[in-house]
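In what comes next, subunit A is part of two complexes: it sits with subunit B in the first one and with subunit C in the second one.
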Partner chain A sequence: MMIRQCLAIMQRELFYMWRDKSLRTILLVGPLLGLLLMAGVYSSQRIENISTAIVDLDKSSASSQVITDLKNSQNLQVVAHFDTFSQLEESIKRGEVIVGVVIPENYGKDIALQRQTKVAVLIDGMNIIYATNASSAVLTVTRTLGAQVGIQTLIAKGIQPNQAQEAYQSIAFPEEAWFNPTANYAYFLVLAFALNVWQQCCTLASCMTIIGENGRRSWYQIRTSGISLFKLFFCKSLVHIGILLLTVLPVYFLAFVVFKLPLACGWSSFLLFTLIFILALHGLGTMMSSLSPNAVNASRYGMIIALPSFLLSGFTWPLQAMPQWLQHVVWILPQTWFFQGVSFLTFKNPGWGFMSHYFWALGLMAVLFYSVAALRLMVRDFPHKG
Partner chain B sequence: MEPVIRVTNLEQKIGRKLLFKGISFEVQPGECFGIFGTRGAGKTSLVHILAGIDRFKSGQVQILGLNVNKTEKFKRSLGLVTQESSLFRDMTVVENLDFIAALKKASRAAVREMIERFQLQEFLSKPVTSLDIGVLQRVSLACALLNQPKLLLLDEMIKDIDLFSRNLILKELEEFLAAGGTCVSTFSNFAVSQSFSKVAWLEGGEMTIYDPEAAQAEWNRQENYYAEQSGRYDD
Partner chain C sequence: MIDVKQILNIAHYEIMRIFRERVLLAILFIVPLLYASMFGLVYVSAILQHVPLGIVDLDHSQESRAVVSAFENTPNFKVITQVSTYADLEAGMKNGLVRAGVVIPADYSQKLAQHQLTQISTVYDGSNLIYGFNTRKYFQQVLNTFSAEHTAAYLSGLGMTKQEIVNVMDTVSYSLEVWYNPTFSYATFIYMGLVLMILQQIGLLGIGLTVTREKEENSWLQFLGAAVPQWKIFIGKALPYFIANFFNFGFLMWIAARFVNVKIEGSVGLILLLGLLFDLIIVSVGFTVSVYSPNSLLVTRYLMLISVPIFVASGYSWPSTHIPAVINTLLRTMPYTWMAEGFRLLTVKNLGFDFIADKIMVLILMAAATTFFALTFPKRRKPPAQIGLAVNSALDYPNKNF
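Then we have the complex of A and B:
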């Protein structure tokens, strides 16, 4: 009879979630749409062809060499040549070009006379990501150009070409980007953004666990039936947790199998980590649900937590760059542990010794959140003792 | 004989309003106990307290000899029909019957029996939100009777429903009482007062118990009094 009761509750919950069209759409379509949109947004994977304009006030062979080097650059695309600085300024203001290079008058002459000269490089800083990439692309060109001119100067001073070259290469700084060697934005952001959409949908759904029952008149049927509320909410939660896990599986399939995003750890570890996060997140939603006077407020509370949690997780803006007090506060949220853990597991797989405290933290959060929800329910819905 | 319901010095406060000022009453096995009161008198609140849904400020409530503050075991022998439908709105008639049967640990045979007794065959696959009030109350009572309760709590059950459903429900209630069941029912229309063994009149947070004839006489007296006071009979 007890199994029949549990099965009936689970079946009813499953039907309820399926029949609720908006909930069904949010859970089924939301995360997948998020992934597809993000995959589309970051499909180029890197920022290339950064529009560049040149103002050549020198018109010498040396300045032509600079222009050629800029044109040959991997990520810059020379799209305009202006005669004056003000034309360049106007073009940057209108957003037509991101990078402007101004080669001064007498540039060639100053180089030939081994005098110091300045090539002005102007970067539109309005979009930080664009500006950082532009800066990096320009730096590659200017570094090479500076070295070439330096070597030529040394040769002009009578130093042997091989000695001049060695002088500039005496200290090498070989760069080696680990885990995401091509600095691929898609690897970094697509899965995380899709999981952000998913966790928001999950939080919303979880926020209905308790208030979705005791906020309706059918709660009278449940209360007079004498069924244990622990049994009722345990069975409901099992269904929720199963559904939340099922909704993320297509996202993972598309991300790792179709789009071939990196997954350094094994599937089983990643799914286990996801499951423990779902428990913590569902616990959080259930707690919010138990504290809310009605369903509308429960959704509001859920969104207040779910919306900023991704930004606070330190995934896009590093935790180390946040104020000290905030660095501690953000670890209260399961989302912080999850997104940090996702980074480690997808790129690095640092092993159980390192990841175990992520699992423990999420597990303890789940216990804490469910306990608060149970206590709140007891205070509100159980009869007085004595 | 042990009363089915024993309420002693019950006090209930809603916000700042004292809804019950220490009311006491008993309901004996086999009785059909009517609770009368105008809107806001506290009929529904009292039913919810008896059903173990609402808490109360002070006093003692015993159902079938069990203190409702200490145990929920009495709910096994309880059936409730609320004033506004408390069926599961996202489910059909048969799904409600099946689910409530599972909650109450009632058998599938009990579900089939209720479908027969309340003539619900043609409505089984309909969502409860699409039902007429009479059919809805038939389903509600069928659900309340699934666990073969000893005590039925009915809140304004037969108000404004079609005559067929009304008679079907009354027939089932008579059979329930004849089989030894006890019933507490709220009402706000004196046309049905004669069907009760006792009538409890709730007014101003206090309860006065009458036999049905005395309750009817008191109703008539008050109706005449207030008609005179308002000048309605002057013409």
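Then we have the complex of A and C:
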């Protein structure tokens, strides 16, 4: 009898969710569309070929060597040669080039005569992603160029070639990016942004749990029918949680199987972590639902939290760079635990000992949110005796 | 002579509605401030410094200590002393204790003494590329300085005088100059883009319910039946939201400049023009969406979801030069893309009208088109379509007060 009642409630909830056209579209299309859009945006994966312009006021063989070295740089792409500084300035203003290199007059002659000369390098700092990459590329090139000129100067001064080389090149500085060796932006952000869209869609669905019942006139029937509210909302929540988990599966399939984004941990751990987050998020949505007089406000309350949560989670701008007190406050959001956990599990897999905190925190949050929702429902909506 | 009394009456009625619905009032005036403050706090430090760094010094010589000092003496890194072995570094990188590492080999000083090539390995955490790219830049800066010092010491060992060393090493110097955002302030880079997104989101959510609310209360019929032309209904209903949005635009910009230290330069006239155009587009789009939507729940759901994809794909953070043409073209149909780009060129690069004329022209055209649709919405009294058994898709949605 009890199982049949549960199945009936779950069947009814499935029917309700399917007939809710906008929610159906949002859940079926939203996360996938989010993933595909993000995959498209970050399809170039790396910031290479940073457009670079050169103003060669010297036009000597020495300045040609500088240009050749710049052209051979991995991340810089020489796209223009200008005759004057003002042309370069205009081009940077218009955003046509990001890096400008000005080789002064008499550059070759000054080097030959061992007189000091200065090469100006300008970087458009408006977009920091560009500027940071451009700076690193420029600093690498200038160190190499500086060493070349220094070695030539020393040899010209009568120093032995091997000593001259040793003076500049006795220490190599290899660099390595761990967990994401090619510094691939798609690995860093595509899944995270897609999951951000997904968690917003989930929030919208979760915010209907309670108000979807007590905001309808049929609520009076339910109250008088004697059905246990616990059973009703437990069965409803089971359906919601199952659906939310199902909506993320195609996202994971595309992300990890088709786009081959990194997944350092196993599938089972990642799905289990997703499930525990769904519980916490659904609990939060259910709580918002219990506090709202109507479905619009429930969606608003839920989304007011869901919208900024990704930014606050520290997934992009690191938590350590936020004010100390804020670093603690943001952990009250389940999204912070989730996005931090996603980063650890997909790139590093630090093991159960480390990740267990994340599971516990999300589990406790789920219990807390559902408890508040239940209390609120009992206080405001439970039929009074007599 | 246009009779403005009807417009003002409708505007007055709308203001009363806003003040009566506390959640809407909060959305219009409190939420933008809340979001702006939150994001301001996130980015208030602006520059990523004190990157936690683990140094594995396997040599423990005077020479290797010079390397350690080079990293200790920069505010860009914070050396974490718990890390002293390679295993510590691996564990620290895995659990987030450190985000970068330097490994000095055991034979570092020996190889230097034997005039053999040696190396200092640097590693950084690629799982967060904001950390990663900044760390790489900081590494280059420290190593360039360290390398120069090492060369100077070597030349000194060859018997060259200080002046001779300076002459050799400064034969070619490179002056690296970063324009428009020389401190690499993330606040200047991203904050106003987020603020403009907040303004769009909140602006649309405010006016997006203005007609659906009337439909749900059956009062929209009175607007449709009254002898008031469509354009007056639109202007009257949109006016309070237009003023609120413009107030928020100015207020949040003041917060950005005053408290978050965002660089905002450029012509005040052009900033206001961009703000007015963007505001006009928001209210006219929001009103039109509201006219055609069956209920407030649908408007809220759909409008809430658009902000993240538009922001990410707009080219504001990840440069549009590295985004496929099809997505760029799609995003060019969004006013936010033009507004954010124009606003940044104006306020960060401090460029004049010539440089943003195309952005202003596109925004004017968008404003004209969206306002036209809003001003001429159909006043047909169409009964709701029979769509069979539907949940939350007709005129009603779960509401305890219905």
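Things worth noting here:
By our rule, the second predicted complex is superposed on the first by the 381 of 386 C-alpha atoms of A that agree within 3 Å, B and C clash if a C-alpha of one lies under 4 Å from a C-alpha of the other, contacts with A are read in each partner's own complex, and residues count from 1 in each chain.
Keep this in mind: a residue touches a chain if its C-beta (ideal position, glycine included) is under 8 Å from a C-beta of that chain, and two chains touch if they have at least 3 such contacts.
The model shown is predicted, which means the values in this text are computed figures rather than measured ones.
In the superposed model, A:I227 lies in contact with subunit B only, and not with subunit C.
In the superposition on chain A, contact is made by A:Y16 with both subunit B and subunit C. Of the two partner chains, subunit B is the only one touched by A:Q5; subunit C is not. Of the two partners subunit B and subunit C, it is C that touches the larger number of subunit A residues. In the superposition on chain A, A:T132 makes contact with subunit C only, not with subunit B.
After overlaying the two complexes on the shared chain, residue contacts for A:T68 are found with neither subunit B nor subunit C. When the two structures are aligned on the shared chain, A:R216 is found in touch with subunit B and with subunit C.
By the touch criterion defined above, A:Q163 reaches subunit C but does not reach subunit B. Shared-chain residue A:S356: touches no atom of subunit B or subunit C. Common to the subunit B and subunit C contact sets on subunit A are residues 16, 19-20, 216-217. By the touch criterion given at the top, residues 1, 4-5, 7-9, 12, 15-16, 19-20, 216-227, 383-386 of subunit A touch subunit B in their complex. Against subunit C, in their complex, subunit A makes its touches with residues 16-17, 19-23, 26, 30, 33-34, 37-38, 40-44, 47, 51, 92-95, 110-111, 114-133, 135-136, 138-140, 142-143, 145-146, 149-150, 153-154, 157, 159, 163, 166-185, 187-189, 193, 196-197, 200-201, 204, 208, 211-217, 293-297, 299-300, 303-304, 307-308, 310-312, 315-318, 320-323, 326, 343-344, 346-350, 354. Residues of subunit B that touch subunit A in their complex: 48, 51-53, 55, 68-70, 72-73, 75-76, 78-80, 82, 84-91, 95, 98-100, 102-105, 143. Of all the residues in subunit C, the ones that touch subunit A in their complex are 23, 27, 31, 35, 38-39, 41-45, 48-50, 52, 93-96, 99, 112, 115-134, 136-137, 139-141, 143-144, 147, 150-151, 154-155, 158, 167-182, 184, 186, 189-190, 194, 201, 205, 209, 296-298, 300-302, 304-305, 307-309, 312-313, 317-319, 321-324, 326-327, 344-345, 348-349, 351, 355, 389-393, 397-402.
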